[in-house]
């Protein structure tokens, strides 16, 4: 009986989570534009999706910025984590506390603050400002992922490597980095995910026609959504499920990404 | 350390080029156009690009206040913007606009005389008319079976939850002022206080404050009455929803003019003027008015649409009668009284 | 190596100064001045923006934001804890699949998920269509506070479940067995052993839900019909429509302080935080 209740409850929650998405998917096949009635089955919105300039442009920028900012923030974040890890106590705490500000702050404050900075130096809001903004909030998460791995690492390994004649750079490359690699990858993935999904910070810090998926959906939600967005939802769901299945397969032996 | 720095530098190089690449088409001019939502025919943009080779970047804003805030904040480089009358007044005062070289806009001759030299731009040096219309009530005649002739109906309990108001400060406050018999440009604090209280009273009855959502919501039957602009009603009409009608109440409403201006942040003034001229070409203005629904200030276009669709000549949403026009007021810039309106608007939204 | 390694962090320290510290300082400065933002010479010191916040009208907004955020957090906790519990007790082979499917909605775009709720809750939306087909009266949930709370719960529930699940999975099975051996039944075991051990996860979860909930403006904008203004909306309006950067900055600083205080309070409650501040992913 208890088992049944547990399963039932879980089912309810899953229905709650998936219902809205499924509704959108159903509408993506609806001939009629209106959310009111069913006009017949059609695949035309999927075709529209690929022809829609605005959506393609938004997707392009979303992925470009996410890719670039996660690469940049992973590299800067990893090296900085190593640096911070090796700092004295006072410096370390100081640096970490400031580093965590973008994580602790609500995005609207971070977004508005960055916008204030860009505008006060008369910088034009556009691709560069959006990229910088994303990097700013991504780096702390990379550091957050890499630091624990650095702490877990055996301190004497690097010393041993140096004693055995390795240059600091060699030790870094061959000893430290492989050890912390799981943290680096997790950090990169977190950065990428956060970037793809970001709305508020991008909203305040972009312009000149540079937009991303979230901003596009926001303006559509206010203007009357194009049905091709429903088609996009379906495709996104399929992509996400496939991606997660792949990741799941690869980490069934190690519990890095799914605890 | 050396190898790492080499790697790091080459990485920086790759990244920088990736960043710079998207902006690399510097030789091709890109025009940044800042316009209302659903207010320009996208085919026209493609046509313009084909004819001139100038690419157009269209960005949208919801209300004049949004547009002004964006422009004043800085960090933008719009070439053509579409403000309304009272806002143009403010922008001229604040020296935000270029004087337009009308030698580059020969098509200006097609604009009807009554749209030139209006009080917000008396010497007509800064603006070129784009669309015009009135403010009124869009209603679903299947849900509202009485006559719609007064703003009172927007406060009618019968339609509670089915009333939409505009998320636009001057328009919504203006309606309350008109209902009380005052001017839409009223600055007397006690009268504004009355208008504020009226709107606060109205809050429980309305569905919400919207702008672009309204046309869809009316077509979907989500609401019975909506405060909106005349052209939106035409847009709905052209979509085939003939049961949705428009009326300007007896107390009077607002007559407005939207124009094209060139802000001083523009880096392509000549191309901007080309764009403006293009929009004034009768054939293009026709395609625009037909798509968007709003009334064009280009006389031939205005009349052509009435010839092709005689029934709209009687519709206040397209061709308001003299009677209606007499009762309408144009917004003027509030000057230093703007904070007063801002304060009241916030109080209404927050209540 | 130790001495030289720390220099790796120096470029980032400069970066942080430019992109984290200075922007916040600018916001602070704007909050404490009055005058035309575009003309620095016209700025003068003033606490006017802060005193304005103490107007009843704005305090109501702050109160409403807290109220809705707290309600959503409580619902997320009450609904989410059982989910984490159930999943952690499931057979190992199903665990990761279940968890994966639980994560899928998070990976879908946040705006899309909120928009999806609009499609369901709007007057002619899916919910009402189903209700009227069944002959039941239609609900006018949207726009309104209920819709906003629903939107918050929907968006943030997974963020409550994940940290709790992580905490649960760290519990040593032997501890549970020991409790049983000592005579505790399931309920007592839960109350006295499991619950206390998952407090870090609960705290994490509460933080990850409460913070975005109290500062959101998207959910209240889309599901509230422009009538339910929260702090986030107020701030957004100051910068996008009202052109009052001073007031907007003051509100931002106040929001920031309130959140930092809430988090300080919560970290006092949770003293088991020895993992270097790593996220409980």
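In order of appearance the chains are A, B and C, and numbering begins at 1 in each one.
As a convention for this text, a residue touches a chain if its C-beta (ideal position, glycine included) is under 8 Å from a C-beta of that chain, and two chains touch if they have at least 3 such contacts.
Being a predicted model, the structure only gives us computed values, none of them experimental.
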Neighbours of chain C that also touch chain A are B
Top-ranked pair of chains - ranking by C-beta pairs in contact: A-C
Most remote chain relative to chain A, going by C-alpha centroids? B
Quick check: how many Å separate the C-alpha centres of chain A and chain C? 16
Please work out the Cα centroid separation of chain B and chain C, and write it as a whole number of Å. 36
Contacts with 2+ other chains: residues of chain B: 1, 73-74, 210, 220-221
Among all residues of chain A, those touching at least two other chains are 35-36, 115, 168, 172, 222
Residues of chain C touching at least two other chains: 4, 122, 124, 239
So in the complex, which bits of chain C are touching chain A? 1-2, 4-13, 15-16, 18-24, 26-27, 30, 79, 82-83, 86-87, 96-105, 107-120, 122, 124-126, 129, 154, 157-158, 165-166, 169, 211-212, 214-215, 217-218, 222, 232, 235-236, 239, 245, 248-249, 252, 255-256, 259-260, 263, 275-279, 281
Which stretch or stretches of chain A touch chain B in the complex? 34-36, 64, 68, 71-72, 75, 115, 118-119, 122-129, 131, 167-169, 172-173, 207-209, 219, 222-224
Touching residues of chain B toward chain C in the complex: what are they? 1, 63, 65-66, 68-70, 72-74, 161, 167, 203, 206-210, 220-223, 342, 346-347, 349-351
In the complex, go through chain A and note every residue touching chain C. 6, 9-10, 13-14, 16-21, 23-24, 27, 35-36, 76-77, 79-88, 91, 95-96, 98-102, 104-110, 112-117, 120, 132, 136, 139, 141, 144-145, 147-148, 151, 158-159, 162, 168, 171-172, 186, 190, 193, 196-197, 199-200, 204, 213-214, 217-218, 220-222, 225, 229, 232-233, 236-237, 240-241, 243-245, 248, 252, 257-259
Can you list the chain C residues touching chain B in their complex? 4, 38, 57-58, 60-61, 122-124, 140, 143, 224-227, 229, 234, 237, 239-244
